[in-house]
Structures are given as structure tokens and as C-alpha cells.
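See the structures that follow.
You will see two complexes here that share chain A, one where it goes with chain B and one where it goes with chain C.
Moving on to the complex of A and B:
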């Protein structure tokens, strides 16, 4: 039987203090000054963990930071031969052992989807691999789903363990933490207390109850094909996305959006090559050097978002959607664009004639 | 709501497209709705969850157009939106003649995040304002909030709830929630801090910024859009670093480009997923423009905003 421990509410801080000595610990906590903003951040003694609210941002930052240095460069000139230049590069990768504590099942599942892209070829991303392999996820069985959530509709669920190394179950007076693998088990050593039989039973009951919840229903059947049939249907995309502001909210709050841009930030003779989050909602995302832009308006751009998540991705990766139903894009869209509606609508009223 | 639909239906022969609000994914979220067929008029709603300023759709590329030039574009405006519209008309970014403006006196809009911060609401069945209270019924219970608890900050400091331009007025005029004396109290609260305190305030606030540019894109007057200095590569003003200097520079330029133009509609702050009080910067600028130039943006379509004038004879500049 997998290792389970109980951490009482009054012991949580001590447990996290203890954990943070062994790993770089990330927890959901209130952003200072912003009453409602909860985001994952580095735990330091004194940080108050918030486990009963959904987070504004996903924990993808732990593995895909918003900006990371890929390499440092420096040009060295020689006094003897002014025309000669020597370019020095440093592409060392830094990765620390990280534990994300208090992610949700939707967030944990997202890591598996990004793994497909970055780790399983044809190209392997060494930067991603270094971070990913040193990151463990402790996902909280989720009781806080709201009307924007739809994890059950895209293959997940509020008690799903896909992508999680540890499972946190809220019980009376604290949490039960269960290790789902060997490495996670070692992390629990010396933490909390032995779970009583009653505690174990309660944890199982909570998991059963939450597992039975159905969070959201959308018709994703045949979305791969339906999307293609809709591709040229401008009226459909106008109805879905005419109100889009072309901002980056949906992509930046999304746990599965992984697109990035690479820039050389140079100052004098030295600089850094950065990788930073990009958004397919931005005009510049597909702007070509010639000035041509294959996705010139928000309609093509929003269409791409739907297509990537519900057509191209499942087509390439065994039918899995690049969406875990976390609901953030629905919740935070300034103009209330609902990707569930955009996907469900793909099949409606499509002309069957050739 | 019924009155609005009837008014739009009555004007329909003159309209090609109507920009109003419809329901979003639940009863706590309105959304912009573009009506192009008369049967879609039934989808129009008007309630305290109609939060978006729709005037940006008239000016920002790709702007909503009427193909048939003999027909008009209908648009719903609250008091705040009507001031944005005035600013757009002043700058010749929209043509007044092409518009049919439906003015809606506004009691204030609800900030769903303030609601959610009180308690998660699941399966909302109804939400309505009665007097000075908001009643929300969800799958579990009925909750009651005072308007002070749930209205958006911009609405609590609103001095112009009634549209300043319109063709058709829907409903009765309402009394403003704030006066010209207390509308800058949030600015004053920050001003009351010492330099270190102000620095800490903005450092904390801007540190949250994720550079999604929702504030810029939602602003009806931020019309550079795809040519914004935040993203140009040549010249390159901002690096991709996520440090405070980049974030500060972006927000400060955003604010300065709006000096004397911004009507403090609060869209930038409403859309921020990280709840940064970005409108505060513009409020401060608005106050400076008022004090120095005696000008309040977005009230008179015939006026020229002070920073859009150039007078070579001006001294002391």
C-alpha cells in the first residue's frame, strides 16, 4: 500500500517549512496587495498557503518559466587583430529539485501534455527536460470547481491522479498526503503523522465522492474532423471570436499553452538568448519578416487556439486534447469567450453536402 | 432590458449592426454581442453584469463597419462608455453620423471577482440588484451583498452614470455615486504614502503583471494596437525580460499616451487577470490634466483635448 501521512491544519506550516529545506517548494498563495489573486510562488517561511481557492495562473511556470535564459553570449575583441572577434557562449542549464504543492488535477495533467511535445520527439527540449525531471507535483483533490470548470469533459476529473506524484486529500482537521511513487514517498519521510484507520477511510471516502463529480459537459466527439470542416467558415469564427480583444489572457493563464518566442537581448558586447511565453492571440506571433501575416485578424488567431487544442493536438497525440478543462480561459476572458461553446458549436448545422 | 430590445427593434430599419451585450457563460458574466439580424435582438441584455466598454469595437482594427453606408451602426453606451465615444469622436476615430447611440443610465456594474472572493458561486440561478443590495441565488443558497462589497471600483467612483451623448435614452437618469470631490480618493490614498511606500505599492502591483496586454487591448483609446511600442522590434523599446523595469515602462507609456484623453472608464483594470489597479495611474494623470488645464476628458465632442493642440505661440512650454 502506498505511503500516506496526515498533516493537521496546525502542522501544515511546519511541514512546509521542513519540505522547503529539502526542495524548492512552490505553493499557491495570495499575491501581495491583490486580495483575490492566487498564484504559485516560491515558498518561504511566512508565506500563507491558500488551498481552498483556485489559482489565477497555473503552475506551469515551475517548468516553463515566463522567461528563461537559454544561453549567455559575449563578444571578445582582440587589440592585436581588430577585425577578429571571438564569441563566447555559456549554455549551462540550471535546474533545482522542485515540488509544486497544491496544484489541481487539471494542472498536473497539463504537464503530461507538454511532455509529449517537449520530450517525446522528434525534437527533445533539453531545457524543459532538465526542469521537468527534477519537478514533483502534489495535486489537491479538487472541491472548488466552479461554473467555468470542465475537467471531466476532456478526460480528467476533480480527483484524477494523472501527472501527480503525490495526492493531497482534504479531510477533517487537515490533509492526508499520499505518495503515488517511490521518489514522492521518500519526500514524505519525517513529515506529518501516521494516518489513523479512520483518517484513511475518510480520505478514501472524500476521493470517492469527488471522483463521482462530473465537472462540465461538452461535445468533443469528432472535434478533430468537425474543426476541419469549419475551418473556412468565417461566419462561424466571427460569431465565436468577433468580440476577442487579441490579448494574451487565455494563453497566459492556460496550463497547456506552451508556445514561446526566442529573442537575443544584447547590451554592448554581451547579452542573453531568452525564451519567453508567446501568445498565438498576438498579431506578432505569426508576423513574417516580409510583412505578410498568415493570421492577420483575431478570427484566424482564435480559430488556431481551438484547432490546436481540439484538432491538431489530438490528431498527433492519440486523441488527447491539449486542454485540461481548468476553466481559466473562460473565467478570465475579458469578453467572456467560452471555448466550450466554440468546440461544441463545431458540429452544429454543418452542411452535409460536398 | 425589454425597453432596450424594443428601442432597437424600432430603429432596426436604420441599422445594419448593433453592438450590445448578451449573456456570457453564466449569469454573472455579460459579453459583447453583435446583432446582425432582427431575430438576434432578443439576445440583447442590460443588467449590472454588462461590464464591457463596447466603443473600442468602433475604432480598433478590425473596426465594426456598416457595409451599407445609408445604414448605421447601433451601439449601447453607459455613462462611462459615452465619454470614451466622445473622445473617439474628437479624435475623428469614429464618425458620429454613422452611429445610432443607445444611452443607458447605469447604477454600477458588478465585479465578479469581488463576488467570488466572498464565496465561490456554483450553478448561479439568478442574480439581481434590489435597492442597494445584490441577491445571488446559486445551487446551494441565496446570498446577499451590499453594493459597496461587489461593485467595481470604477463604479464606486463614478461621476457620470448618465450618457453624455446618445440618440435614444433607455430608462431614467440616475444619481452619481461619487462627486468631483471624492472621485480621486483612491489616488489620494496612494499619494498619502511616503516615497518608499509608493514605490513599494507599485513594485508589488506591477510585479504581478504577466504582460498579457489585456489592459491595452481593452482600452478603447489605445488604438496603436498591433504597432504598440511594447512589441515593436525595430526600434526595440522593451526587452522580453519580466523585470520591473519592463513592466513599469510599458504601463507608464500606456498611461502617458492617454494623458488628457483617458476618460477613466476603468476597462484596463477590469480586464487585468492579476488585478493590478492600473487605472489609478490614469486617474492621477486625469487629475493633473484637470488641475493644470481645467479639462475633463470625454464630455464635449466639439472640444479639443489639451494635449492634441499645438500652439507655437504658447509660452512657458
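Moving on to the complex of A and C:
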């Protein structure tokens, strides 16, 4: 039987304090990004954890920092021969043990999808691996879903455990935390009371109840092919992307968007090569030095985003969508573009004649 | 970490600089780690990422043939930030190299066949490595023809090697866009010269590289001559960052030019979404 503990609401702070002494703890909490912004951040005693609301940003930052150093370089000059220069490179990385507490099942699932891209080849991203291997996810069974959510339509569900190391179940008077693996079990040592039989039953009842919820319905069947058939239907894409402002918020808040850019910064004799989040919604993303741009307007860019998530990615990775239905792109789009409409519309009005 | 880190460039030193045209320079470089230089192997068509530390990285084909063990050669047209800085470097300067990356031309498949190279401007660079490789085993192939064009005689790369290529059994058809004093070869755009030559598609493979507009019309020309899609190869370029199939920007549908390419035949391209 998996290990379960009960943490009473009044004990949660103490438990997190205790955890944060052992690992780098990330929790959803109010952020300075504006009133009501909830995002994952480093836990420090005093931080107020918010578990009853969805977060604006996913915890992907824990493994894919918005900016990270890939390489440090330094030019060394010698006093004996001032004309001679020697470059030194350093690609060291320090990964700390991280626990993300209070992610949602959709966010945990997103880590599995990114694993495919960063770890399964043909090349392995060593920076990603170092962070990923030292990161544990405690996912909170989700009953806060709103009408933008559609995890059930893309292979997940509000009580799904894919990608999670621990499961947090909200129960009367607190939470039950269940270890889903050995490493997670050791983290629970001394954290709360071992749960009673009645408590275990209650937790399982909550899980069953939430598992039964169906979050969102969109017809994704055959989207791989439907997208391709619709690729050159510019009227369709124009209509779908007409309002797009190319602001990139959909990619910024997306738990599965992973695209990045690499840039160099140098001051004097030292510098760094940095990797930063990028967005396929930006004109510059594919702009070539010659001036040619394969995706010059929002039409091509939005089409690529839909295609990547619902056609290219599943084609490459066993039919899985690069979307976990978290609903953030729907919720935060300033002009209310809804990817569900873009996907389900792929199959509408297609001329069936040969 | 390091040895297995695909983002970490090898340090390399520029050994020779050749000014090809007003905007194209060729760099011959060697890896600073002598053992890695000795063990370096690649296939014709594969590319490398060159770093100017503090400026960035860009992708270039390795245009020396794999048999050349003394240096790696890259030809660089000055267009953007990184290429601008690469042009300012001199013999003895250090750069970073991540190579080899990407796929290669199917040399095996070319054995026993006639090979038609069609190049425009800097598009000669990826064909040079293949051409030289085929010429090393000249007897294994049928006719080897090169149609190479540029705006003006001064815009042709590797002019100092043309005689050598000819003497080793390649037929060269050189063309420039308009008449120039002293120019005795062909005048006209590459697609026009192609239809004048009208090579038969029988047992022939065409390898095309040049500006997109040239590729487009050469393709029309080849189709008119009844070449089939699988007989026509090209090597694509896209803006790249990681070069290892992760960062996301060089995709055409589910394929990445950096790892699934840069070499494709037109049969493959026809099955991909037209996102070029």
C-alpha cells in the first residue's frame, strides 16, 4: 500500500518549512506580477501557499528556467605575449534537488511531454536532464477546473497521476499526501500524521469523485491528418488568427511550450551563452538574415502553433498531443482566441469531393 | 560534464582565410584538440555551427571533403551579425565549432549514376564537398556535370579550383546573369542554361542548391525534362539555434531541418507541409 500522510490545514506551514530545509521547494503563491497573479516560486518561511486557485504560470520554470547559462567563456591574455589570446570555456551546471508542491495534473503531464523532446534524442539536453532528474512533482488533485479547462480531451484528467511523484488530495480539514514512488516516500518522513483507515478511504473517495469529472470535450480525433488537409486553407487560418496580436502570452503561459533561443552576452574579456524562452508567435523567431521569413504573418505562426501541438508532435511521439488542456492560453489570450475552436474546426466544412 | 554536452563547442583556430567574392570568405580551421581533429569524421552535406563567442552561432556546411584531414573548410557569406564578425577574423583567431550536425547526401545511392550539380552563388558550398568526394572515385560514376551560375564572374566561388575539377573529370557549365568584359562562358540564368543543356533524366541524379528563387525555377526545368522527385536532391537552410532538434524553430511540419535535413529529396519535400 502506498504511503499516505495527513497534513492538517493548520500544520501545512510547518510541514512546508520542514520540507524546504531538505529540498528546494517550489509552491504556488501570490506574485508581484499584478493583483491576483499566482505562480510557482521558491518557498521561504512566510510565503503564503495558494492551493485553491489555478496558477497563471505552470511550474515548467523549475526545469526550464526562463533564462539559463549554457556556457561561460573567458579570454585570457598573457603578459609575456600580449598579442596571444586563449579562450576558456566552462559548461558546468549545478542542479539542486527540487520539489514542486501543488502542481496540477495537467502541469505534471507536461513534464513527460517535454522529456520526449529534451531527453529522447537524437541528442540529449544535458542541462535539462540535470534539472529534471533532481526534480520531484507533487500534483494536487484538481477540482478548480473552469470552463477553459480541457484536460480530459487530450488524454489527461483532473486526478491523473502521469508525471507525478506525489499526489495531494484535498480532504476535510487538510490534505492527504500520497507517495507514488520510493524517493517520494522518503520525503514524507516526519512530515505529518500517518493517515487513518478512514482518512485513506476519504482520500480515495475524493480521487474517485474527481476522476469521474470530464473536463472539456473537443474532437481531436484525426487532428494529425485534418490539420494537414487544412494547411493550405488560408481562409480558415485567417479567420482563426485574425484577432491575434502576436503578443506571445499563449506560449509564455503554456506548460508544454519549450522553444528557446540562444544568445551571447559579453563584457570585456568574459561572457556567457544564454538560453531563454522564445515564442513561435514572434516575427523574429524564424526571420533569416537574408530577410526571408518562412512564417511572416500571424496566420503562418498561429497555424504552426496549432500544427505543432495537434499534428506534428503526435506524428513524432506516438500520437500524444503537445497540449495538456490546462486552458491557460484560452484564459489569458487578450483577444479570446480559443485553441479548442481552432482544433475542432479543422474537420468542419472540408470538401469531401476528391 | 562537457564531453557529452551537445551545446559545448570545440575550440578551433583559423588557419587560412580565402576571399572568394566581395561578400564571401572561406575559413579553413583546425580543432585545437589535436586528438579530436585526428578523429573528426563526417559525411558530405553535414553542417557545423560556428561560434564567435560574445556574438553568437550560425550554421554552415562543411565544404571540404571528408578525405581532407588537415582542416575543415567553411564558406561564409556576410549577411547578418555572426557572419559579419566571422568576416573580421584573421588567421590565428579562435572560434567555436559544433560539428558534424545533420544528415548527408546519399553517396551510396549515387554510385553508377550520372550526377548533375546545379548551383547558384554561395549554393556551391554544400555541393563542393560532394563534388570533390565523387571525383576521388571518379570511375564509380557516369557523367559528372556542374551548372554553376552567379550574378557576375566575380561572384563565383572557388574559381581557382575550376581547372582542377575539370581535369579530374567534371564537366563545367559556368554562367553569369549578364555579359561582362572578358567573360567567355555562358550568359543567362541557371534555369535557362539548364534547359539549353537539357540533360536526360535517365540514370541521373540532380543535386540543387542556391537561392530559393533559383531552386524554384530549376525544379520546374527538371520536371519539364521529366526528372522524378526522388531523383532531385537539395539542401535546405533555416534559421537555427540549437542545431540538435530541440529548440523548435527550423521545423517544416514534424521534421527539423537541423537533424532530419539539411539534405532532402523532392519526394520527401512534397510530403511535407509547404512551410518554407
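A few comments on the model shown:
Everything below uses one rule, namely that the second predicted complex is superposed on the first by the 347 of 354 C-alpha atoms of A that agree within 3 Å, B and C clash if a C-alpha of one lies under 4 Å from a C-alpha of the other, contacts with A are read in each partner's own complex, and residues count from 1 in each chain.
By definition in this document, contacts are C-beta pairs under 8 Å (C-beta built on N, C-alpha and C of every residue); 3 or more make two chains touch, one makes a residue touch a chain.
Given the structure is predicted, the values throughout are model-derived calculations rather than measurements.
Clash-free side-by-side placement of chain B and chain C is the outcome of superposition onto chain A. After overlaying the two complexes on the shared chain, residue contacts for A:66 are found with chain B alone; chain C is out of touch. In the superposition on chain A, A:305 contacts neither chain B nor chain C.
In the overlay built on the shared chain, the residue A:263 is in contact with chain B and with chain C. In the superposition on chain A, contact is made by A:253 with chain B only, not with chain C. Within the superposed three-chain model, A:36 lies in touch with chain B and out of touch with chain C [touch as defined at top]. Of the two partner chains placed around the shared chain by superposition, neither chain B nor chain C is touched by A:200. By the touch criterion defined above, A:118 lies against chain C but remains apart from chain B after alignment on the C-alpha atoms of chain A. Using CA centres, the angle subtended at chain A by chain B and chain C is 90 degrees, rounded to a multiple of 10.
Of the two partner chains placed around the shared chain by superposition, chain B is the only one that A:145 touches, whereas chain C remains out of contact.
Once both complexes are placed on a shared chain A, the shortest Cα to Cα gap between chain B and chain C comes to 7 Å. On chain A, the patch touched by chain B and the patch touched by chain C overlap at residues 261, 263, 265. Those residues of chain B lying in contact with chain A across their complex are 24-26, 29-34, 52, 56-57, 62, 113-114, 116-117, 120-124, 201, 204-205, 208, 210-214, 216-218, 225-226, 231, 239-242, 267, 270-271, 273-276. Within the complex formed with chain A, the chain C residues making contact are 1-2, 4-9, 11, 51, 53-58, 79-81, 83, 94, 96, 212, 237-239, 241-242, 244-249, 251, 253-254, 259, 273-276.
Those residues of chain A that touch chain B in the shared complex are 31-37, 39, 53, 56-57, 66-67, 144-148, 242-243, 245-249, 251-253, 261, 263, 265, 274, 276, 279, 282-284, 297-298, 330, 332, 334-338, 340-341.
Within the complex formed with chain C, the chain A residues making contact are 70-71, 73, 75, 85-87, 89, 91-93, 117-118, 122-127, 130, 228, 231-232, 258-266, 271, 273, 278, 280, 285-290, 292, 294-295, 300, 304, 307-308, 311-313, 315-316.
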